[in-house]
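In this document, chain identifiers A, B and C correspond to the written order of the chains, with residue numbering beginning at 1 in each.
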Amino acid sequence: MALARNILRTRTLVGSFRHYSSGTKLLDVSVNDENGFATVTMNRPPVNSLNLEFLTEFCNVLTDLDRNKSRGMILTSSSNKVFSAGLDILEMYKPQPERFKAFWNSLQEAWIKLYGASFPTVAVINGHSPAGGCLLAMSCEYRIMLNKFTIGLNETQLGIVAPPWFIKTMQNTISKRDTELALTTGRLFKTEEALKVGLIDEIASDKAQALSQAEAFLNRFEMIPPIARAYTKTYLRGADIQELQKNREKEVGATLSLVAQPKVQQGLEFYLAMLKNKKEAK
Amino acid sequence: MALARNILRTRTLVGSFRHYSSGTKLLDVSVNDENGFATVTMNRPPVNSLNLEFLTEFCNVLTDLDRNKSRGMILTSSSNKVFSAGLDILEMYKPQPERFKAFWNSLQEAWIKLYGASFPTVAVINGHSPAGGCLLAMSCEYRIMLNKFTIGLNETQLGIVAPPWFIKTMQNTISKRDTELALTTGRLFKTEEALKVGLIDEIASDKAQALSQAEAFLNRFEMIPPIARAYTKTYLRGADIQELQKNREKEVGATLSLVAQPKVQQGLEFYLAMLKNKKEAK
Amino acid sequence: MALARNILRTRTLVGSFRHYSSGTKLLDVSVNDENGFATVTMNRPPVNSLNLEFLTEFCNVLTDLDRNKSRGMILTSSSNKVFSAGLDILEMYKPQPERFKAFWNSLQEAWIKLYGASFPTVAVINGHSPAGGCLLAMSCEYRIMLNKFTIGLNETQLGIVAPPWFIKTMQNTISKRDTELALTTGRLFKTEEALKVGLIDEIASDKAQALSQAEAFLNRFEMIPPIARAYTKTYLRGADIQELQKNREKEVGATLSLVAQPKVQQGLEFYLAMLKNKKEAK
């Protein structure tokens, strides 16, 4: 079978691609030389909220992994409380049109690159993962989550709306029925609930165990020729990506209009005040 | 959190909208002043079969609830045996083209309004719910059913065909696989079977308990800003509604042609004779 | 109810259509005069691999059954080890364009006829059923499988790619999520695993029992008017069939290009060498 392994796949030389932090230190990337798996650790304290700079950097990381023919990626967080809190509210509160457009564009790009990544991807969800954090996790091919955290698209609770491609991503993960019920109520699932509904695939007792389970998942592809895997993934996910590609600019404008509505701004203002009070109370 | 509640949603004044029966008495509407929830009771004895007059009235009720920014609707039946027996066979037997077209149009309109209602909807299924009755229940966002009844799209058993949007509604509720198996065999699910397959969400021991569970469901939206909820529901259900909108007139004609086929008419005639014998045997 | 049976359906005279083998003996067809059910036994030793001749013959059988208004078909294998090993690798290894195009066209035609068959279809999976074998089983309306075998779309393991309509067929059988996970890893499900994920519907202890369970499934349609059943099946499966119809020629060309790639040919060559060694080792 060693022969098969050599014939059927092209192993990538990863020697030149070991461990680095991106320039702005918002993401840390390390590659295991044994198996070629990259661990990408989100590192924007305190809650890895997704702003323009973070998402731009994240896109660069994904481009590098693709260019280096990565054998697989593990996405996790440097925090032990939050995987990612989702979109940075500051990008949506009193939005400046140019900045907002660049921000939303980087979010679209990040999803297109992550959801369509040719290499296998797995999320180690070692903290809460609401809204955009849940999107990142769902866009990976597999999800391993630690106990006592929550995950879900809870946008409606904040008075905002999960975009159609967030929704499609959830419908491709759990059932249409469960998606509808979760989205209209803005439900956050506890770890066990997430497993039961299929929003995650495995539970781990701690991060070390979760990382080890993530490697076990990536190892399932050891004998699978990457080219066949990539084509298959495109057949599975490509149509939804193309749908966004087609409507990309239009969606940026529509989202800005929606976010700029007084009622939405009022809700975000209230939410920011809550966050501030919470911080000061500490 | 009382603050959040006031800021994040616009509470509707429901004082002027308490309890009324529609002119033709085919539907009874009562609104609970405490929570703003409307209970719509179908009241066309003996089996709430859906004819032109009933469906027109039902559309009017839905329009009123929408105009009054309803906080939620509970759909149930005045009968303790039948939720709704579905389409009135008399509308399909020896159809007069004009009447049939108006009838089918009112059925399309009722589904479009109910399936796309901006307010939350829940069915209290306190009796049998075959065919069009099942459609009404599935078009709500949540289903609570009493024991010892049946529900399903059993059209094929009568020699007729559930339209594509009936089918889509079921595929958005249970899995595609379960839908196919249920529709080709015209299966009626018993209450427990319906729960297992996901066709209903909860079982209740009697109607009072079911109504209380229905209110508990509607209360899940207490803190959800209605505008975000409505947008989200449109993202989830809008495409299927638009699909019917697009083909509406064409479908009316195609359905008339199908129903007018001698074999279908023969089946309906036989079915009507059975119903008549059953009635006379009482 | 005997009356209903006579009125609601047209019973087919099957007297002239009892038991025959196709000219090339690649398939055996026998019809049970009692119930009108046809048992189609694939008989291309050793593993019922699907080549141009087999698929052409299979299309002819399906056309005959349709023409004779079959009451139902049971698809099974003459082998007690393999249901069907899927596409004949020899049709893909060093492909001659004309032969390959005819081959792929016959595969498309077989799927269109089987997936869209107006009569009910059930697979008795009495052996392993990888790749194209799994496609045949999934294209039936119901699946009964014997223990200790495997089933799945394992194309990626061979360095090839399951076409979009193979994928759609699986997504219409199990969930989108389970399909993605199964396809990217090229997973073969053991009988019990297949039941759990919904890839099969029942397990049987031996072939005789499986055939009896298959007849019980077909009997569910005894009282269902065939015309209503056929329309309903078209509403459920027609769109996916039309999708292939639309892209049929284009897909033949694209598939040839893909298969002719040196990496794919290298993989197939290696696979053929393995099969040869395995045979010689016996």
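As a working rule, contacts are C-beta pairs under 8 Å (C-beta built on N, C-alpha and C of every residue); 3 or more make two chains touch, one makes a residue touch a chain.
In UniProt terms, the chains line up like this: A, B, C = Enoyl-CoA delta isomerase 1, mitochondrial.
Predicted, not measured: the structure shown is a model, and the values here were computed from it.
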Practice prompt. Indicate whether more than half of the residue numbers at the chain A-chain C interface occur in both copies; give same if so and different if not.
Written response: different
Item to complete: State the superposition rotation angle between the two copies chain B and chain C, fitting on C-alpha atoms only and giving a multiple of 5 degrees from 0 to 180.
Response: 120
Worksheet, complete the sentence: The distance between the C-alpha centres of chain A and chain C, rounded to whole Å, is 38
Worksheet item: Tell me, which residues of chain A touch at least two other chains?
Response: 175
Fill in: In the complex, chain C residues that touch chain A
155-164, 167, 175-177, 179-181, 183-186, 258, 263, 266-267, 270, 274
Worksheet item: Can you list the residues on chain B that touch chain A in the complex?
Response: 3-4, 7-8, 120, 141-142, 171-175, 198, 220-221, 223-225, 227-229, 231-233, 235-237
